[in-house]
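Have a look at this one before I ask anything.
Letters A, B, C, D, E and F name the chains as they come in the text, with residue numbers starting at 1 for each one.
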Amino acid sequence: MSEVAGKMAIQVGAACLEREHGGKGLLLGGVPGVRRGRVAILGGGVVGTNAAKMAIGLGAEVNLLDINLDRLGYLDDIFLGRVTTLHSDVAQIERAVSEADLVIGGVLIPGARAPKLVPEALIAEMSEGSVVVDVAVDQGGCIGTCVPTTHDHPTYVKHGVVHYCVANMPGAVSQTSTFALTNATIKYATQLADQGLSGAVEHNRALALGVNVYGGLVTHEAVARSLGKTYVPLAEALARGDGKASAARKGGAKAKAHAGA
Amino acid sequence: MSEVAGKMAIQVGAACLEREHGGKGLLLGGVPGVRRGRVAILGGGVVGTNAAKMAIGLGAEVNLLDINLDRLGYLDDIFLGRVTTLHSDVAQIERAVSEADLVIGGVLIPGARAPKLVPEALIAEMSEGSVVVDVAVDQGGCIGTCVPTTHDHPTYVKHGVVHYCVANMPGAVSQTSTFALTNATIKYATQLADQGLSGAVEHNRALALGVNVYGGLVTHEAVARSLGKTYVPLAEALARGDGKASAARKGGAKAKAHAGA
Amino acid sequence: MSEVAGKMAIQVGAACLEREHGGKGLLLGGVPGVRRGRVAILGGGVVGTNAAKMAIGLGAEVNLLDINLDRLGYLDDIFLGRVTTLHSDVAQIERAVSEADLVIGGVLIPGARAPKLVPEALIAEMSEGSVVVDVAVDQGGCIGTCVPTTHDHPTYVKHGVVHYCVANMPGAVSQTSTFALTNATIKYATQLADQGLSGAVEHNRALALGVNVYGGLVTHEAVARSLGKTYVPLAEALARGDGKASAARKGGAKAKAHAGA
Amino acid sequence: MSEVAGKMAIQVGAACLEREHGGKGLLLGGVPGVRRGRVAILGGGVVGTNAAKMAIGLGAEVNLLDINLDRLGYLDDIFLGRVTTLHSDVAQIERAVSEADLVIGGVLIPGARAPKLVPEALIAEMSEGSVVVDVAVDQGGCIGTCVPTTHDHPTYVKHGVVHYCVANMPGAVSQTSTFALTNATIKYATQLADQGLSGAVEHNRALALGVNVYGGLVTHEAVARSLGKTYVPLAEALARGDGKASAARKGGAKAKAHAGA
Amino acid sequence: MSEVAGKMAIQVGAACLEREHGGKGLLLGGVPGVRRGRVAILGGGVVGTNAAKMAIGLGAEVNLLDINLDRLGYLDDIFLGRVTTLHSDVAQIERAVSEADLVIGGVLIPGARAPKLVPEALIAEMSEGSVVVDVAVDQGGCIGTCVPTTHDHPTYVKHGVVHYCVANMPGAVSQTSTFALTNATIKYATQLADQGLSGAVEHNRALALGVNVYGGLVTHEAVARSLGKTYVPLAEALARGDGKASAARKGGAKAKAHAGA
Amino acid sequence: MSEVAGKMAIQVGAACLEREHGGKGLLLGGVPGVRRGRVAILGGGVVGTNAAKMAIGLGAEVNLLDINLDRLGYLDDIFLGRVTTLHSDVAQIERAVSEADLVIGGVLIPGARAPKLVPEALIAEMSEGSVVVDVAVDQGGCIGTCVPTTHDHPTYVKHGVVHYCVANMPGAVSQTSTFALTNATIKYATQLADQGLSGAVEHNRALALGVNVYGGLVTHEAVARSLGKTYVPLAEALARGDGKASAARKGGAKAKAHAGA
């Protein structure tokens, strides 16, 4: 879904720059004779790369920041001079953000809170009517002034800067997102249907890692700890569950499994 | 301003395809593995060309229709295979519109009503949640179901298709539009300031054609006719005005001129 | 050789669309005002990627299908919106093939029969004069109606669809193919010349895996099984062969080795 | 139709380079590690420009020659370094043709014989298995060794060079060509249907110039001269014809008009 | 020669940014992770367009300024978002120049002094080690601090800014320039050789306009005035010259003609 | 720094082709109507790839040679037909170098002398005024005639070919290079500052491998051997150093560490 989120971030950012949405009334791509907007994209992963594709496509000037030089080299290979890639450090972030009309926060660290790369003071330096979109907002956000919003009230203004921080951005393009999600998960569903849960988790380690609860037992160590429950390894839970399931089948109970891709 | 309107048409069209704005929840550019949206652009002039640039930029599939084969040849030269150019006739319009997720009406005939290229029945064939944006709506529109809307209530739904028909689309990006308009008109303003009205209209025929009223006299034949006033040629009005102006200078009155670019 | 096969597939496909070769008389790239052809490419590996490069180059609309989302992401990176990448499943294949003017079968699974992705019924739905090229035909083909043909009689028509199924497609561009093959194999030849067979297979495991027969002994397990011969591991054969070779040198016999890259 | 002819020229040229068609077995676009083919295109008009688009698309190295420097400047603008544009003179033609794997003759002078730019001696210098395609062959051809061929026997070999000289190349892609021709002529047909012949030729000078014969009278001076007939200006023929037509309507004769676009 | 001058301007500008040539030690295209240089190009004619092609090619960020909006529209068509086109006015020039690492002066008005677009004060605002290249320097230059230099001492430093102002820039690439000049003038030379001077100037008005002196008579009004000589119209001079030439042939004198293309 | 070196190689190469620098007076990108320069790049690693980006950008024809077919495939993916990739062998090197106006030596083998790919005899075959730039010259160079030069006297001519062989090419663009180097090394510096040397080398094996001398002891085996010193493993040196350092802190001595990234 990161591809969807990255592309959506630019689409909603461009819309927020319109006067009706609180922005400075700037067309991101400009027109002949009138300057284009400047976009700063924090993070060159899937989110940032797709945001960059869209921003270039709309005709904006793009600064893309990442700490991984190999990744920046790859991005330079595929964009061939159409984006400026910058090593992400305090000085570069300050320059890129303070000059930007649109800032995209696209730094996500799997399973961890996003690092706060843009402090509130830097947001305050942006020009009136600029826009910030934080894709990482449901993991705490990488921009200091961002708090989650909803599709009903997607934006708020702080320091004169429009903030778009909808936690579930891909939900706006539900058709595209549903297909994207299905494409990514169908192989797990197929395996579950073919082999049953115990067979599937045995053959597919990725799937096994996604099982948090089985037969009422918490099979994910971190989840167990955060909920104050006893952790039961999946193998053991499956073994117990098989017994319970046999029993349950008589009693009509259903084994419940929650798999998170 | 046609460049602004053309680019805005795709930007608002992409936004209207989002679920919150009534659209089918489609990301125009798709993502790897999921289909892209199809855009049909009616007219390959400045509006249509800029719409095409944006639609390509967003990653959509683009069909662009025009009756001028030389223009289509030029568009093929600059886009080098990234859009499909089609000769605009009933059959091609039907196919392109009925398959499109987004239709842009960009046919403008200077000083005349836009021709109705897309009848209501064809709009009714579009799939649920598709979007229509008519840039020509303030000249009557080239799409049968389009009536002007405002930035406050920009869209309505008809036959399940979202219609965005704001008459003054460039107003949404007022900063960009103001610069674009100024760039186009500054030379007239400079000439007026340097040479005064009579000097300027004498040296610049384009400017002279834009003077509708001078010293209370209607100097534009069509305007005079439609208002039921007497038409006075500009030269004559200027001559009379010079007398009045000399008199006025003593009496403090100011000659008023309304120039329309 | 997959690069050659992928590029050739589009070249011969474009030719088959000409009226003289049985096709519908369609120019793949169209001309300004006239629609372009639609190409569906099954498989995004080396064959499919090179086919896509050529199809884009000729100006066609391209749908490229693969089940590997990471690969589709890479293809989207390098083609930057010039192809539609689709997740390969029954629904997408049906839509892409039935709408296509040209279908390229480019799914190859090393050492296995190609999966039958396109059933005969789907081919029957294609429009009259469409074209199918199956690059995988010498491994059984991934299209249900494909059977191998030769350069002398390269095509046949089934369900009104022209089938080009030459098993050795790269043979048509023998100069290019010879260089391509030599480039890929020269390092093995050099090593054999420098170190002799036993030295070379000892230092180069890739080469060792390619030795099917040595000194009359079958050193490839699968080959031995399919021929009903006794399998002798290469190391053992080499050891025996060294003895035989010493003897043979007196008797004039030559050790024969068949290496398949 | 020149767009069709230009694109077809590369498509058939690439096919002729295949071994089965007599060529040197070269894939025009090469593959990674193996050289690409070199194409020399004579003439940078519509034929040459479309040939260049295709040749670039296939991945070839392209030299495009023309005497019009403004046109070369435009081609450099749209191709941005992807073709080499050369001023067409004897030295440049010799170098470009002698190094080429494929030569496209695309020099057409409306209403005149194409100039012989490539003498037989230069063709003889091309390497064995190279290919020549002369789009101008039905106007005498701009290549010394070219004589018209047909779709049934499209090629012949001279000096080891494969010659493809089908006079009606667009006929091979009849669907595309029919649409292209219709797009270009439909406005004349519409006008004839709406206004009748006399009305149409009165309002449309381009159409009037295309009328060779009217009511049995030869209305085109050059045609009259070459056929040894009396030339009657169209206006006079129409006037006479109106009389004849009135008479004919009684007698059942039909006025015949042959219009050549 | 403007194409050569425009391309050379960027090439020498990039070199001047190197430390050895006095520049700030900046690589115009940057590298992944390090910012690219900013180039401001004044004028979007042939010089500016070719400079822009090179600057984009080197990977720089490019601002291109011109007062002609139609020209900017065309440049936007061919560069498709890879340059920022700006309407050339005082505010835009100030912003673009003061932020630039490299400024190219490419404004030439045929037969007139170039307008001084960049005052000395603005040059003084550029950062230390920036570079200015004025292609218009032999017409007075469009940058206030520029005075002509030679290939021997091509640069000087003023206000910390390196100035490259060689009047004959194309001379550095003499091979390319000679061919470019020959391509542009050969048709005149051919006509002179075929028809003699009097025949050639009669048939070719462009050539006639270039004749300044004929048979010792000054045939160009402005030249005559500036030299204090009597102006003799070319036709008259030719007539007289024919007589003189007849006489001269006996006496061995040679008619001298100086033609300036 | 290889990105800087690769890009600089083309920039200085283009400058050397100017007449003032001894070259043949060729503009690498040509102009409409005049041929472009041919560049041969040896090696498709980071140096060669960045050189290719620049050479394409300047508008040159580019042949890029490497022995790694997978790498050539990747380069073909990102350049999409804008360079010719060739398998690097004696025949291809001979053809590419002898036809080139500019040869870039970009073959570097980490920790080893560059292989001599271009013998002196081949350089002698290049045309007068051609240019050679050897990026690998500080590792012995991959071109037979190259010996290191300095920024003060960067070039010399041999066999009529201009040689640019500055050992520290990135030094010319010191600003860009300093940032590039800092970006690549800052993480090591940070770790050293945070954890001290012993902590840093313990946690970061890459850093540990870079320590050549610690506390006066040679901790790099190859360095010790080449200097005739005793080799002391880093762990042991650190242990000893800790003792010395404790002692030194009293005596004021400072432990010295030389780290090479």
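Everything that follows uses one rule, which is that a contact is a pair of C-beta atoms (placed from the backbone, for glycine too) under 8 Å apart; a residue touches a chain by one contact, two chains touch by 3 or more.
No experiment lies behind these values; they were computed from the predicted model shown.
S.K.: List every chain that touches both chain C and chain F.
M.R.: A, D
S.K.: Which chains contact both chain C and chain E?
M.R.: A, B, D, F
S.K.: For the chain pairs B-C and D-E, which is connected through the larger number of C-beta pairs in contact?
M.R.: B-C
S.K.: Comparing residue numbers, which of D-F, A-C or B-C shares more than half of the contact pairs of C-F?
M.R.: Within D-F, A-C or B-C, the interface duplicating C-F belongs to A-C.
S.K.: Express in whole angstrom the distance between the two chain centres, defined as the mean CA positions of chain B and chain F.
M.R.: Their C-alpha centroids are separated by 55 Å.
S.K.: Please tell me the distance, in whole Å, between the geometric centres of chain E and chain F computed from their C-alpha atoms.
M.R.: Roughly 37 Å separates the two chain centres.
S.K.: Going through chain C residue by residue, note those that touch at least 2 other chains and give them in order.
M.R.: Residues 3, 29-35, 53, 56-57, 59, 69, 73, 78, 81, 87, 179, 183 of chain C each touch two or more of the other chains.
S.K.: Touch graph of the chains shown: is it line, ring, star, complete or other?
M.R.: Shape = other; not a path, cycle, star or full graph.
S.K.: Among the chains present, which pairs are found to touch?
M.R.: A-B, A-C, A-E, A-F, B-C, B-D, B-E, C-D, C-F, D-E, D-F, E-F
S.K.: Please output the residues of chain F touching chain A within their complex, sorted ascending.
M.R.: 3, 46, 49, 53, 57, 78, 179, 183-184, 186
S.K.: Which residues of chain E touch chain F in their complex?
M.R.: Residues in contact with chain F: 3-4, 7-8, 11-12, 14-15, 17-20, 24-35, 50, 53-54, 56-59, 151, 171-177, 179-180, 183.
S.K.: Along chain E, where are the residues that touch chain A in the complex?
M.R.: 29-36, 56, 59, 61, 69, 72-73, 75-76, 81-82, 84-87
S.K.: Help me check something: in the complex, which residues belonging to chain F touch chain C?
M.R.: 69, 73, 77-78, 80-81, 87, 89
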